[in-house]
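Reading through the structure tokens given below for one structure.
Chain nomenclature is as follows: A, B, C, D, E, F and G, assigned in order of appearance, with residue numbering initiated at 1 for each chain independently.
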Amino acid sequence: MVDGIERPLDVLNNSKGKEVLVQLKNNRQMVGTLLAFDIHINVVLDNAKEIADGENKRNLGLTFLRGDTIIFISPASMAK
Amino acid sequence: MVDGIERPLDVLNNSKGKEVLVQLKNNRQMVGTLLAFDIHINVVLDNAKEIADGENKRNLGLTFLRGDTIIFISPASMAK
Amino acid sequence: MVDGIERPLDVLNNSKGKEVLVQLKNNRQMVGTLLAFDIHINVVLDNAKEIADGENKRNLGLTFLRGDTIIFISPASMAK
Amino acid sequence: MVDGIERPLDVLNNSKGKEVLVQLKNNRQMVGTLLAFDIHINVVLDNAKEIADGENKRNLGLTFLRGDTIIFISPASMAK
Amino acid sequence: MVDGIERPLDVLNNSKGKEVLVQLKNNRQMVGTLLAFDIHINVVLDNAKEIADGENKRNLGLTFLRGDTIIFISPASMAK
Amino acid sequence: MVDGIERPLDVLNNSKGKEVLVQLKNNRQMVGTLLAFDIHINVVLDNAKEIADGENKRNLGLTFLRGDTIIFISPASMAK
Amino acid sequence: MVDGIERPLDVLNNSKGKEVLVQLKNNRQMVGTLLAFDIHINVVLDNAKEIADGENKRNLGLTFLRGDTIIFISPASMAK
């Protein structure tokens, strides 16, 4: 499942069009479909949902996230 | 609805002239009409309103926001 | 009122010589006349007044503000 | 065991394909198999597990971690 | 009094040899005679005095201040 | 003992292969043998031990430390 | 006493071989003999002593300090 991951951004490239979990600083989390990213790790999610304490807090739809507030990005389908 | 989004800044470009929600660090939020942005994600909102705890806190009108205090920007019309 | 704003710094350029509200990190605010700014958003205010809890805290006069402590800058005449 | 470590990134290069412990700011920890890293210390872990208070908190699977939230990375097999 | 201020650093240049108030992050303040500054806003004060809660806390004499801890610099003679 | 220290990194170069104390932000400390460092002050320690409140908290073995979390590095043999 | 200070780093250059007080973020202080510095304000102190609440907390001897944790550096002989 991890073939072809030479550089960190390859994971983001492979996740385009798929649902990802984005952990932000200050305990914010978002899930959504990864549409785009750049080298600053600015990302765009579609159908973004903000989650707090395991509950859906806000439906944000299309959302631009600044890279410097991101801790990690995990393709949701990989979560076990 | 998300056609043509190749790079993160495309979302901001598509949102010019439209209302957006801007989440700032320290739990500040603003809504307003996106007039301009640059690669640092400095943005200009017109008719900016600062929101705290779901209530309108201040009407700021035309406002310049420094990029490094921004967590995310979401076109308000997309919020569900 | 927002004609001619192509880039975020255009708002600051249009505000030279006018009163602006500057929101700083850590809940500090200043109002004063915008005299100058640069690409780091370092700004100079004349007749700067520091405001806390809606009250005038200090009259600082001519003041140099470092850009990285600024959250937003709003031309005061636009506040409604 | 430490032969051939001339530069800090050599440790990460030697740890590819092995389990590592990643200490993040704000007391988060992750363990997982190091797949990739770059000069910003952005890293990709496979089978990533988030750990809090010595207990497994979340299984995240494949995960991209932004470098600026990382305090240290330690090959787990080295822990005594 | 503000003639000739085209760029923010002009204020600092005009203040050389004069007393300034320097507001630092974390509620520290210093007053002293501005001797030198650079583009990072690193500054040197002579006869620097650290002030807390309106009282003189420490006489530091000649002091080098790193720019990234500075919020604002105000020529003291301008304070009203 | 301090002959030949022209630049700050000379101290780190002279400390290669020796035990050092590394003070991290957030009150973390590590001791270990300095194997490598770079201009970002990323360092590699061998036999790294994390210390809290004067007690050995964790033996981490070989560890990569990101420079931006480091406050100071002191050759342990110099501590008096 | 302040002749020849054209740029901020001149103060550090004039202080080489002399005792300085270094104020760090998070209320840490160090005193020691300044041996070296660079443009990032990384400094090396000899006979460094960490001070908390006006008392000597630790004798660290030769110590490398990363610039980004430094608030100010003051030649101790100047303190009045």
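The criterion applied here is as follows: a residue touches a chain if its C-beta (ideal position, glycine included) is under 8 Å from a C-beta of that chain, and two chains touch if they have at least 3 such contacts.
This structure is a prediction, so every number in the text was calculated from the model and none was measured.
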Chains in contact with subunit B and with subunit F: which ones? none
Whole-Å distance, C-alpha centre of subunit C to that of subunit D, is 43
Just the number, please: Cα centre separation of subunit A and subunit F in whole Å. 35
Subunit F and subunit G: spacing of chain centres that average the CA atoms, whole Å: 19
Counting only residues that touch at least 2 other chains, which ones in subunit E make the list? 68
Start at subunit B, step over to subunit C, and keep going round the ring; give me the chains in the order you meet them. B, C, E, G, F, D, A
The answer for subunit F against subunit G in the complex is residues 1-2, 5-12, 21, 25, 41, 67-68, 70-75, 78-80
The answer for subunit B against subunit C in the complex is residues 24, 26, 28, 30, 35-38, 42-44, 46, 48, 58-66, 68-69
